[in-house]
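The same chain A turns up in both complexes below, where it pairs with chain B and then with chain C.
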Partner chain A sequence: MKEGRIGANGTWVGASVPRREDPRLLTGRGRYVDDLTAQGMLHAQFVRSNEAHARIVSVDLSEVLNVPGVVAAFTADDLNLRDMVGVMERPEHEFRVTAMPVLARDRVRFAGEPIAIVIATDPYTAEDGLEAAVVTYEPLPPVVSEEAALAPDAVLLHDEAPDNTYVDVTMFATEGIDAVFDDAHRVIGVDLRSGRQNALPMETRGVVAEWIDRDEQLLVRTCTQIPHTIRDTVAACAGLDERQVRVIVPDMGGGFGQKSCVGREEVAAAAAALRLRRPVKWIEDRRDNLTASFLGREQHYRARAAFDAEGHLLALDTDVICDMGAYSAYPSTAAIEPMMAAVEMPGVYKLPAYRVRARAIATNKAPTAAYRGVSRPQCVMVMERLMERAARELGLDALDVRRRNLITTFPYKNSNNITYDPGSYLESLNLCEQTLREEGWYERKAEAAASGRVMGIGYACYSERTALASTAFSERKPRALVSFDMSDITMDMTGSVRVTTGTLSHGQSHETTMAQIVADRLSLPIDKVKIVQGDTDKITYGFGSFASRSIVIGGGAVAAAAVALTDQLRILAAHLLEVDTDAVELDGEGGVRVRDEPERRLSYGDLAFVAYLQSPRLPKGFGPGLRASGSYDMLADGVFSNATHGVVVELDPGTGGVRILRYVCVEDVGVAINPQVVEGQCRGGIAQGIAGALFEEVRYDPSGQPLAPSFMEYKVPTAMEIPDIRIEHLETPSALTESGAKGAGEGGTIGAPAAVLNAVNDALRDTGVEFDDTPISRELVYRALENGPVGPGAATPAH
Partner chain B sequence: MKPAAFTYHRAGSVRRAVELLSELGEDAKVIAGGQSLVAMMNYRLARPEHLVDIAHVKGLAGIRRVGGALHIGALTTHHAVEVADLTPDFAVLSRTMRWVGHLPIRTRGTIGGSLAHADGTAEWCILAVLLDARIVVEGPGGTRRIAASDLFLGPFTSALEPDELIVEVVFPRRAPRAALTEYAERRGDFAIVAAAVDLDGCPEAPDIPLVVLGGVAPTPLPVRLGPDFTGTTGPGRFGEFATAVADQVQIRDDTGVSAHYRRGLVRTLVERACEEAAQA
Partner chain C sequence: MPDIQLIELNVNGESHDLAIPPRRTLADVLRHDLGLTGTHVGCEHGICGACTVLIDGAPARACLTFAVQVEGAEIRTVESLAGPDGAMNDLQQAFTDHHGLQCGFCTPGFLMLAEGYLAEEPEPTREEIREVVASNICRCTGYHTIVDAIEHCARKRRADCASG
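So, the complex of A and B:
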């Protein structure tokens, strides 16, 4: 085993290698967008709509330009940018094409929508400029709820979307499903809503854009998860060739999906920089991030499930409504939440018959983008509530009901037409329960009850399809298909390599984990490997990082490129050593040797010297130089990470307070490239899941005004609210991926809300009250406990 | 979230600060720790034309015992009170500081700033009323003392004149059996309800616990029960006492918090404050 290689097989992969990002990030040497500057840089802010829904009668910026220090102000007409339009290749009755203008033109559809960009010498003056703008509105009735959006006489947000419906798909519809319900021993219902949330990256959105004459390029330095898509979109909106836009992404303080869409402000700031030929910076402030950024998660599920007397799930029929807000975001479109919900709903459970109708509706709220987990937290809530309720109504143990229904033979093709690769669904549940039992939580719960305290234990089982690529996304039929990733690798004369990736680490440690993958392939120390990301001029193409795709797809591409480079090294070494290529091998010490004569060896540096500086010695057709490329696509349905979460809560009858006493997560992401990084992902995800279950909600008043413009109102939990989390690893390596790894980015968030919900309901089991909605209202917990136990019986959902 | 333009003045003395406030009138605001004011300015909810910074005024920070009383300088931070040894007579002040925001806020925010800001759920405002504090104020005409019960006129509204500066807060009587507790969904938030109690009551009714509530009225709300509760100092009667307090206060339904729930919180928190005070 070599120094620093502490993985099980003496490899980098599997070792908790210290994060290569940490020295700079932890010592304040990270460079985020707001750290960047440029000669003569100006600062932008946006005139935003005061109204949730209105026609714009006029936008008068004349007084804005009179504010000392304001340099320019532009409306949609001034900049004349092409709209952003995301398209699904689906029939019109399933998907309505609607446009999102970069700046609102004649209509505003949510309070906070950008109407004009004001550019000034400093950010303070820019805000002074905003106050001088005069926008005249002709108010329209605000549509702020599902019920209002779907009302027969509702005002339409988009003329192209009748019934305020962007997406309406009915899928799967297993033949004979109605008969299954008719004949079922018991039909269980769940009616469940999840609150609107903000993905809440610690770093808000932001951009510095400038035109560089020499490069004939608009340089856009922005914090995004999707640099190439930003490049393509800025070019398209501004009428430039793609070569004329370069996107560079500096260090990022998170994205969580909010930065996986093209921001209207990013495009507008870039266009203003182009127009003014001066650098323009826009940094989103927290108020704008909380009210006018991309949001997510507001959904309503009505599910019916048929069970037999032993608790076997026979059929599921679900109606999903996703409140996508005012626009179909680009490029993900308003289909992102309903399609994910429809396709992924069954999760870890065998489901013989399935039907789902999934809709995306338009309301006068800030629009929805991906948020870590995308619909799957709610799908898991639906399934886990069904398991609990079925157990209760059938008089069975809720964990036994789960065990009867968990998929245990793999590969398994479910009624959602997806084939699941092997996982540890049952094993993770068993280990999670065993862990909580061994830690004594069941006894403590019983003791607590005896002394008048109220404790509950809840579980959630789930799998998460990760590494969605061409096969998985094709089924959803977007016009622009997210699929492969490609990498280029070059070796220099010191034997070091630079490897590009089209994925984009915004906190996931790819500089470390992908270097681990490459280092193993080339038998190099990890500090000889540099991962290059986030620059559209250095990386041919890529889709960025979201949907837990990076370590499988991006990792697969860097591995393929590294392997291709090893082929180059072997060909060159064999030629120079005058043996067949088959007769040489990597020696594990940074060189290539003749297999049967290990003393005959050339180091990578020797080989690179020849490749670059002694080209006459190269074999015919080789090089020059030492470089290679690779790509990767997931042609299977994806690979499924799985986990069981177990939560112990205590409720305070005096306040309705909910305290998490213990959190255990038993997870399986296949081969963990870097277990410590996986745990970090897991913990952060769980914190965000707890936030959704217990704390955060973006609420609006009846006129559509957002009620949470600061962290006073938007209750992101802090370290005081998030408990210690115990994480146990199981490892079911994927046979479908380059490293045996599965995606690990979103899982924690997916399981936590359901587990917390179930724990609270377990604590309330004698009160006759059950919660299905999130976030859980403390007042309703208080009211549930106020009247004391009513004894076991039919529970009433608390809405 | 950038404030509107303002002129910054740094006062080197109380006298200079008062002079500046007199000159600048209602367009000026005093800034000390800035923990409430700066946030409001960043949201442009507050737009003072002038800021008079008193952070560098010497002698305004510090805690002194004078006879049986405790004097706390206006610039004393919450954290300084939290870590001060005030046992046993004024330990309630130190213990209560754990409820004030988060640690970074406590290292900047000051007692004078909190009282002047006059948030009805702020811990200092509730404590001041509970313990009958005297707010020592310097103005153009000299020094005056305002009783805490006269300081708070409404939400974020105090009896301070625009040209007056809080220089010191005097807690005149010892309170070894007092406590404050509160509830919010997140630690560090302003309370939905805060309850403070002094089991030894007040000089007018020394044997009946005095309660001051935050979160149920625009200003800290003192609640005094009748002679039925004389001698309610033992745990056996705290529940009954708390229920009587909760039944006595007028509470209205509010967005997101019904009167019923808030009343329940009052009952719970008064009882818990009594228990904590009894163990103090």
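So, the complex of A and C:
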């Protein structure tokens, strides 16, 4: 064991253990999907739609096949694959079932939609092949905005979805809510929109698929967050048994939700490999990733909130419209954003009365998948804008208004029918404010104003339900309830263990953090623990990594498996030492001893030797072998991580630019398994939240053509735009999880947009301009400042 | 058949004879012809920097460079950083110490960027490091810990130099 790397309790959990993943990734020995090869491998690319909305009159691939090096080209008819159809168990008027074909058949619904797959001997030739394809279209009117989609005479994208609406639910509707609004001291409104974004993993999507005769399997090596779902879907689409598909996920360059849906191209490439009986590789290029993969976040909220004169929130009535694009993605469906928004909206605030209507609409844009945070960044924007506006209109301090409304007694059941487990909502706000005060930012802001500079300070308070549980899902009613995970553990004769998890680390460090959890349960050095993930032949079943579920659910399952193995070790040791099982214990040094006679001990290696090689010595019904299983199913409402973000910005009157001077995040994820990893998740999440608040947007022209097909137009922030971020930890251990941990994957992204928005509005306080939408337009900031701030500093020249 | 050109490429101190089409990028040659898959391709248009390698000591985008352009140059990739026994060098160690990587996809690009930069400017300020780090894109870390890692590596190199 390494000095200084053990947690305060002498445990691995709580320690910033160096990452097991790092040496291979730092030395160029990581293996990502495009690093893989296979004998005789071919390369695929896709003929994609030039039109946003059209009927396909004909697809002529004859010239494609004449390009030297092109081996095959297939249309939807050639491959004849079953469609992907995501289903929610909701009434038809609430959820309209629509299909997403693997390749477009007679209709294209967004520019970039895959129509045919071209397979060639090398990737350059595959691209040459695409240029020879001739697709004839009969254009249909493009539907590229909420207003156009919902217009009474709008052309429908899917016949099954009248009003271009996939989802339309009204929920909660607390009895008497209208009377609360009627009688309220003040009703405050917010109307806000968030731009369409790309989750933007640095590794684009990709797959290498090949049929392996000996295994009778289609081996699909792909970068996905959901390996078992890919297996099931490829099998279903291609008409294979599930045992005939094996999905392996190699090292993976991020996902952030974009890889939590089944890619049409993944299925098509696998089907082509099956058809050709040759390995087929598809690597998405960045242009396709920016225009034709899964996107997210484009939403519109109209909220009304009733407040009393002291700033207590009394009721909230919200209408949410999520622009889900051209298809309901599989398996998450078009309900993922509206249902998340509807259920999680109140966040950290006590809300006596609540009503929400949440819709998902169809437009001719690339479809929406989960993107880190899923709707909660916007929910937090709504709530935080309401708090700020209420404070302004009621003449109160905005932080005091928050304090009056924060949930402070736990468990707390809110009007969204969720019971919140304990957190540190008030404490995190207080510490965040205190930190910015102690660092002197309030004085600096005042000094800046005096010299004509424009600074602002903004906050956002939020909690995040991590590890979505059975109950959460039963409220939303998807067909598949992804609330549990399973784990198998085996110990070998050197006393080392291999532990499977159905989660799928792709940057989150589970090879390290889950090993920490297991090492503690078995009192093993961490290098004796190997986490096995991302292989559907090695892992019985699992749902992968998304929704901040892994450390709670996957971590719970590996802990349960490890505990089950300790039971096996104790039973075997007690039998061999001829004492009761209750009389033995783990000795903390890789062995089991008799509690009252500690010199009588058997090492794990001794026990495993007997378990594998001396079966006659085993107790009746034991083994042979040393293995155990565990599972974890979150049966409560989930566990809530929380945080407060505090941001200091300075606006540039010359350019309208927003510069972040300071960023403080006070977070509480319960027990941090590995604090350095938690900080990394926080900082990275915040960077993505800032990206959404200030920079990134996927826009379309009126004909539905995407306007950001490269990094020249899609403005990903660099180290010049993302500041250093101070993180302070609070720790409210969860009583509901195996390790006391709560999820930590998405929080940063959830809090950042609202905090930045509030900071910019604070800076603009004296101009009378307020922003509610993201990304915040530089041009509008410039215009707001054009005549100089109207405040006390306005008289002083800015030199 | 497309034109094929014969070139000799010097990569990480080894010489390779190659017969390649002129349109083949350096990134593809390194990755798929020489098996040096540590160099990654993130955007194919020179912005993200995941493919950054050193060409005669200077950081360059391997995705925007044709292999036929760099015959005669000394090319270094991430595979050259570790010792012959596979042990990480000080820069790589600093990245793991400071959690300067998560998914690891952009990491080789940042390592080669930093390697080239620190050779040219051994005493950078944090702000100067930040400006250089802004040449590449990382989606996981928020950059803070990448800047930390490079700053600490530079400081340690100076300290080792002074005490040596």
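We adopt the following convention: the second predicted complex is superposed on the first by the 783 of 799 C-alpha atoms of A that agree within 3 Å, B and C clash if a C-alpha of one lies under 4 Å from a C-alpha of the other, contacts with A are read in each partner's own complex, and residues count from 1 in each chain.
Here, contacts are C-beta pairs under 8 Å (C-beta built on N, C-alpha and C of every residue); 3 or more make two chains touch, one makes a residue touch a chain.
Remember, it's a predicted structure, so these values are computed and weren't measured experimentally.
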{"item": "Touched partner set for A:G254, first chain B, second chain C, both or neither", "value": "second"}
{"item": "Chain B versus chain C as contact partner of A:M712, first or second or both or neither", "value": "both"}
{"item": "Which superposed partner A:F410 touches (first chain B, second chain C, both, neither)", "value": "neither"}
{"item": "Touch count on chain A, higher of chain B and chain C", "value": "C"}
{"item": "Touched partner set for A:L200, first chain B, second chain C, both or neither", "value": "second"}
{"item": "Touching partner for A:R778 - first (chain B), second (chain C), both, neither", "value": "first"}
{"item": "First, second, both or neither for A:G656, with chain B first and chain C second", "value": "first"}
{"item": "Intersection of the chain A residues that touch chain B with those that touch chain C", "value": "123-124, 285-287, 710, 712, 718, 720"}
{"item": "Interface residues, chain A side, partner chain C - complex", "value": "16, 18-19, 21-23, 25-32, 34-35, 37, 68, 123-124, 200-204, 251-254, 256, 285-287, 506-509, 676-677, 679-680, 683-688, 710-712, 716, 718-720, 722-725, 748"}
{"item": "Contact footprint of chain A on chain C as seen in their complex", "value": "1, 21, 23-24, 28, 31-32, 36-45, 47-48, 50, 77-79, 81-82, 86, 88, 92, 95-97, 99, 101-108, 111, 130-131, 133-147"}
{"item": "For the chain B and chain A complex, residues of the former touching the latter", "value": "1-5, 39, 43-44, 102, 183, 185-190, 256-258, 260-261, 264-265, 267-269, 271-272"}
{"item": "Chain B partner contacts - residues on chain A that touch it in the complex", "value": "123-124, 126-128, 285-287, 654-657, 694-695, 709-710, 712, 715, 717-718, 720-721, 778-779, 782-783, 786"}
